[in-house]
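The structure is given below, and queries will be raised subsequently.
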Amino acid sequence: GLPAGPVNPSSRSVPVLRLSSDGAAIETALSRQQLAAELTCPLRDLRMADPTFPGQFPSVLARRGSIIFSVGEVKAVILSNEVLLFPTKPDVLSIVPAVQEKIRLGIRAVPFEQTVMECCLKHVCKDLLESARNVEPRLRTVLDSFKTSKNSLIKSLHRLLPLKNELDELKETLVTVCKCMNEVLMNDEDMALMYLTDNECKSTARDLHQHQEIEMLFENYLLQVELLASDVIELQNEVRNTEEIVEIELDVLRNNILRFELLLSISGFTVALGALVTGVFGMNLLSGWEEKPQTFWQVTGGIYGCIMLSIAGTVVLCRRLSLL
Amino acid sequence: GLPAGPVNPSSRSVPVLRLSSDGAAIETALSRQQLAAELTCPLRDLRMADPTFPGQFPSVLARRGSIIFSVGEVKAVILSNEVLLFPTKPDVLSIVPAVQEKIRLGIRAVPFEQTVMECCLKHVCKDLLESARNVEPRLRTVLDSFKTSKNSLIKSLHRLLPLKNELDELKETLVTVCKCMNEVLMNDEDMALMYLTDNECKSTARDLHQHQEIEMLFENYLLQVELLASDVIELQNEVRNTEEIVEIELDVLRNNILRFELLLSISGFTVALGALVTGVFGMNLLSGWEEKPQTFWQVTGGIYGCIMLSIAGTVVLCRRLSLL
Amino acid sequence: GLPAGPVNPSSRSVPVLRLSSDGAAIETALSRQQLAAELTCPLRDLRMADPTFPGQFPSVLARRGSIIFSVGEVKAVILSNEVLLFPTKPDVLSIVPAVQEKIRLGIRAVPFEQTVMECCLKHVCKDLLESARNVEPRLRTVLDSFKTSKNSLIKSLHRLLPLKNELDELKETLVTVCKCMNEVLMNDEDMALMYLTDNECKSTARDLHQHQEIEMLFENYLLQVELLASDVIELQNEVRNTEEIVEIELDVLRNNILRFELLLSISGFTVALGALVTGVFGMNLLSGWEEKPQTFWQVTGGIYGCIMLSIAGTVVLCRRLSLL
Amino acid sequence: GLPAGPVNPSSRSVPVLRLSSDGAAIETALSRQQLAAELTCPLRDLRMADPTFPGQFPSVLARRGSIIFSVGEVKAVILSNEVLLFPTKPDVLSIVPAVQEKIRLGIRAVPFEQTVMECCLKHVCKDLLESARNVEPRLRTVLDSFKTSKNSLIKSLHRLLPLKNELDELKETLVTVCKCMNEVLMNDEDMALMYLTDNECKSTARDLHQHQEIEMLFENYLLQVELLASDVIELQNEVRNTEEIVEIELDVLRNNILRFELLLSISGFTVALGALVTGVFGMNLLSGWEEKPQTFWQVTGGIYGCIMLSIAGTVVLCRRLSLL
Amino acid sequence: GLPAGPVNPSSRSVPVLRLSSDGAAIETALSRQQLAAELTCPLRDLRMADPTFPGQFPSVLARRGSIIFSVGEVKAVILSNEVLLFPTKPDVLSIVPAVQEKIRLGIRAVPFEQTVMECCLKHVCKDLLESARNVEPRLRTVLDSFKTSKNSLIKSLHRLLPLKNELDELKETLVTVCKCMNEVLMNDEDMALMYLTDNECKSTARDLHQHQEIEMLFENYLLQVELLASDVIELQNEVRNTEEIVEIELDVLRNNILRFELLLSISGFTVALGALVTGVFGMNLLSGWEEKPQTFWQVTGGIYGCIMLSIAGTVVLCRRLSLL
């Protein structure tokens, strides 16, 4: 392999949980240099599994004699007789009793590395499923609030934004996990390398096409992650559909408000015209009609009649222009 | 294969319908452990066909001596002389008489497992077609309602949202079924494994490229599902197009309303100016014109003239600014 | 092949036009059972070419001794010495004289099945080209109407919707035809099977890579269909671009209208303030100023002055808030 | 090859520029029949390079003894000792001196057909680069006008529409040219066929993998076209981003206008209420307060006080409803 | 290889930093002709690494005896015993001490060309990471400003536009770098060619599949770039989500403003009606009620009562029409 200089000068040690194939687990701490020397594998590869490096892409690397498993929170270096688990989060350690239980029950026909990988993959799936189950009910509540009450729309929108971001992140995670599993499945060479126990025993190179157990293992968990991804995409579609419909609804509502407002404006305008007439007759100027007894009623009647007529006329006009 | 520990501790039995290759059907119940032992196939694979696990991705898995068929509602384990059908829904059982009819008619040149797979695929296609036929007329009604009446727009939108979600789900289902069939078609090894009857008789391994019947079978139903998917995409395009046009229509309508409102505002403003003049002359203050007999008519005429002139002027200005 | 039970119990016969390799054409009618027996090919495959089945995906299937050609309206079963053409539409029959002309002219070095396939492909391309030529001028008219007159926008939108749907359908058709041709081109085995005349004469199996003529034939027509598809996509882009620009234009226009309306509102408000002052002095209450001769002019001047000042002030304020 | 009937009955001749490998160029005219006979290549293939056929998809076809090169404006049939160039546009002829210069300088180790192809590819790249350089500055001007002045927005939009269409067309062209080059690069057989000079000399078939010079040639120009395509996509992204931001800006501006309008409406309403009070006291009816000397000031003060109070109250209310 | 004429007539020399495998570095200047002669590699290939050509697509070309590395700012020609580094930017030179340090430390088991490539790839990753880290905090500030204050929305939008363009560019760069690395990883032949030291020593051709070290090297840095690309896509999604939510929020706010405005319009209209009545009684015409003492209070009460009633009625109507 490639020897590597001190990529990261600090040779600080990281906590590691070593679980041997007989079920014994020891908590210890190792520096990366020690690890690389022990595994005869370049430091660069170890960085994949190093929990102190933030933001790692999911990857399952098959190296001669070891599998570097780093998907989501689960970061481990799997050997034929031991697994080095990096405790990135407390609940990752739940893999240990699962493996121990399998070892206890197991007829030992399954090689140790496959037992460990299955437990790791199961833990990853469980984690992803929990994330999805965490988002979904909150999202449903918000989407339902869009349909029912129109008053708290702004509040619902404020709650929707972080949920949309979470969904995008979750989908991205699921897609990269799928991609990483697919890469394993498409690489015959890597899958053959993953039979650590077998490869150790036999001297001759393994045939590249003898990897059915590993293939079935990854295929199976890939299907589960794809199902989850498809559920998340469905949720995103629902969000998108709801948003689209809400936008058109708001537009329709606005047009309805504006139409009613137009109706008021028309009426208001004719009333203003009438008020102008009354204003004219209210001027302290001589019209010569001041003393005629019937004029008051004629003018008043005329004003009200004209208002009614012009409102009717304008409404008819607007109907014809399809504004109302 | 991989032995598996008690993934799901409860060893509750699920109802199964066993249909043997001579047409005899027995309803029974099996636990998953029994099934796995009988089929010598890992529990993990059986989970695919287990109706008690919710939300399964469509998959057709070829294993040594058995085919695990799980697409949509149809979940079955096909052997060379028997099929185990899980009755997820009552209408899935309609596969049984279809197979029995084929057996009765058949010249028995077609192996049992192919007969069963064809009936299963046909049932899946029928199911998907029904879902599509169920959505389409309702969607057409809603889309037509957009074109005709503008009054019930909000109601139409409320009915459109669940339909859009249904369409997205249906498309997702169709796409995953296509993907699952394509995966079978691209895997020579799996298709060769599916000749259960042949593989049982012959001792030598089957040539990987002798799978024309299975290939034609899947190819054919794949074409049907793809056609359906393309129809659903066309429906989605129509929805999208209608929404886009409706949105622009609402915008145009709004601008027309606002223009008319602007016309009213202009007229209203000039009327208000006239009213101000009448108000001025209505004040109980001495203007010195109180007793001049012609002033009333001059002022009134002036007011009306100015109103007409300023309305005309402002409309001309707005035309030049292309607001009207 | 797979024997098939009565998929569709009705054994009604469909009209067929048989054109033999010497140019003789006979109109006849065949039931599907007869056809399947004659061609020794499963009913399932025939369904592809059956015009009574609605909505078929384009497909060119190579079977032993026959080619099942079903693209768009052209549905035919091609044999080494005969072609069975299903007259789905009258203009499909124009393939017959084209083939006859080719036979008359031909130096007969080209096998019959290739002559027929070329005529079929040419007809398909002509059909697709006509559909595209039918949509384009109507679409250009509508798009131009968007640019010129703003009055008939709603009408243009009503005419745009069906055109957009037509474009989407046309594109989908073109894409599926391309996909179908590509599938032929990527399948060496199928192309080798399509040399019906050659395969009949020779006893030994054809080499899988000897298919240059068929490859060039499909390659050529594929280029034409792809060109058409790219033209349709360009049209769709133009529609999209026009819509986007029209939407922003409507928004800009609306803001301009609202700004002018704001100007009117400001002026209207100050006039209303003035009217309030005149109203105050019009009250039949004693202000004590009733008899002072200059007050009328002072108050009137004050009102007009304040109106002018406050209009100017508010406009300056709005400019600073960048509302005007 | 496939003999072809008279696809296009008119056997009109097209102008051709023949440039032989010793640098001599002759302008002549050939009918397509003559050309096909000379090249022993089907008419169908020649159509690709025929400038009288409008709208051709870019394609580089390798035939036995000739290369049919048709990308953009450059349409040519390349032989081992001659190239037939179709002068679709005057500037295409600039390829001739470029080839002649190369021949003059050349150590003749490079076969003639590669010299010609390099000149053709270079011309195509130059053409595409010029198209891109033509659009970019005009687009930048329009995009900048969006950022600076808000008054000429409608004009900018009118200028943006044709530019967007041009960009889409350019991108489509670039993508199809890339696709065409990629198809050459992925087809070992075609690249081997393109060694016209070598293939003529040697009797044995060329090894399919000996095509490094042709591969490097196309790889190189492919990189240039991809770079251009990526630049065009970046421009489109900028347009999209600007449009999105402008749309939200217009929305924000509209809300600001409406808020100010709301402020005016509130004030206007309270003034109208005050005017109503003055109107009431202006009625020619007896209130009994006509002669009380202080009432005038009390009512006037009351009106102004109420106006101030209710404006303040409504503004506070709107703030609480977050409307202002 | 292909000899090339003077593509670019000016044979000006470019500054080059030569670093030999023993760690000695010399700054010098070379013309492209000299370089091509020295490397026996076509000028066309050198253009990839030529810093005077603007806008290069990232590419790593394996040639016989040399690797042309041109990704981002890092442009170099790597030989088995020397590297020619083009100092496009000052910080590119930081590769030199990194390589020297590696040489000093190295057990020399790693060939020189791999050491150099690792340093180059590390520098590229560092550069890209810095670009991403540069954009992110500024973007977060802008996105947060959207959530908190609504007043500076226009300013935030002005700051968002260049950031969106930067993100698009960065994503495009990351995608093209990934593509370039993937192309190396998918080309066994190129990776085998990159063992410059090995290939020089051995006379026999290297087996195409012996390239694990190079593969692991590129795989590793590809993962890092992909992770960065996925982070950038996440940022873009956040921007998109925020924009969508802000747009709907603005719509909701606008509707709320319009509703309140509608309420004001309704009230205003009824007040105008009341004012009309007062106007009527304010006319200097005889109604005959002038002297009746109670009329004033009856009319005033009637006006206020009607106003209240009609406001209530219209609000109820609007509620029923779901406008309020």
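Order of writing sets the chain letters: A, B, C, D and E. Residues in each chain are counted from 1.
Definition applied: contacts are C-beta pairs under 8 Å (C-beta built on N, C-alpha and C of every residue); 3 or more make two chains touch, one makes a residue touch a chain.
Bear in mind that the values here come from a model prediction, so they are computed numbers and not experimental data.
*Asks:* Shared numbers divided by all numbers used: is that above or below half for subunit C and subunit D, i.e. same or different?
*Replies:* The interface is built from different residue numbers on each side, given that under half of them are used by both copies.
*Asks:* Nearest 5 degrees, what's the C-alpha rotation angle taking subunit B to subunit C?
*Replies:* Fitting subunit B to subunit C on C-alpha atoms yields 70 degrees.
*Asks:* Using mean CA coordinates as chain centres, what's the subunit A-subunit C distance in Å?
*Replies:* About 33 Å separates the centre of subunit A from that of subunit C.
*Asks:* Between subunit A and subunit E, what is the separation of their C-alpha centroids in Å?
*Replies:* 21
*Asks:* Among the residues of subunit E, pick out those that touch two or more other chains and give their numbers.
*Replies:* Correct list: 154, 247, 251, 253-254, 258, 261, 265, 268, 272, 275, 279, 282-284, 287, 322.
*Asks:* Line, ring, star, complete or other: which describes how these chains touch one another?
*Replies:* ring
*Asks:* What order do the chains sit in around the ring if I start at subunit C and move toward subunit D?
*Replies:* Ring order, starting at subunit C and heading to subunit D first: C, D, E, A, B.
*Asks:* Which of the residues in subunit A come into contact with subunit E in the complex?
*Replies:* 1-3, 5-6, 42, 44-45, 48, 55-57, 59, 153-154, 157-158, 160-161, 164-165, 168-169, 172, 176, 243, 246-247, 250-251, 253-254, 256-258, 260-261, 264-265, 267-268, 271-272, 274-275, 278-279, 281-284, 287, 289-293, 295-297, 299-300, 303
*Asks:* Can you list the residues on subunit C that touch subunit D in the complex?
*Replies:* For subunit C paired with subunit D, touching residues are 101-102, 105-107, 109-110, 114, 118, 147, 213, 216-217, 220, 223-224, 226-227, 230-231, 233-234, 237-238, 241-242, 244-245, 247-249, 251-255, 258-259, 261-262, 265-266, 268-269, 272-273, 275-276, 279-280, 282-288, 318, 321-323.
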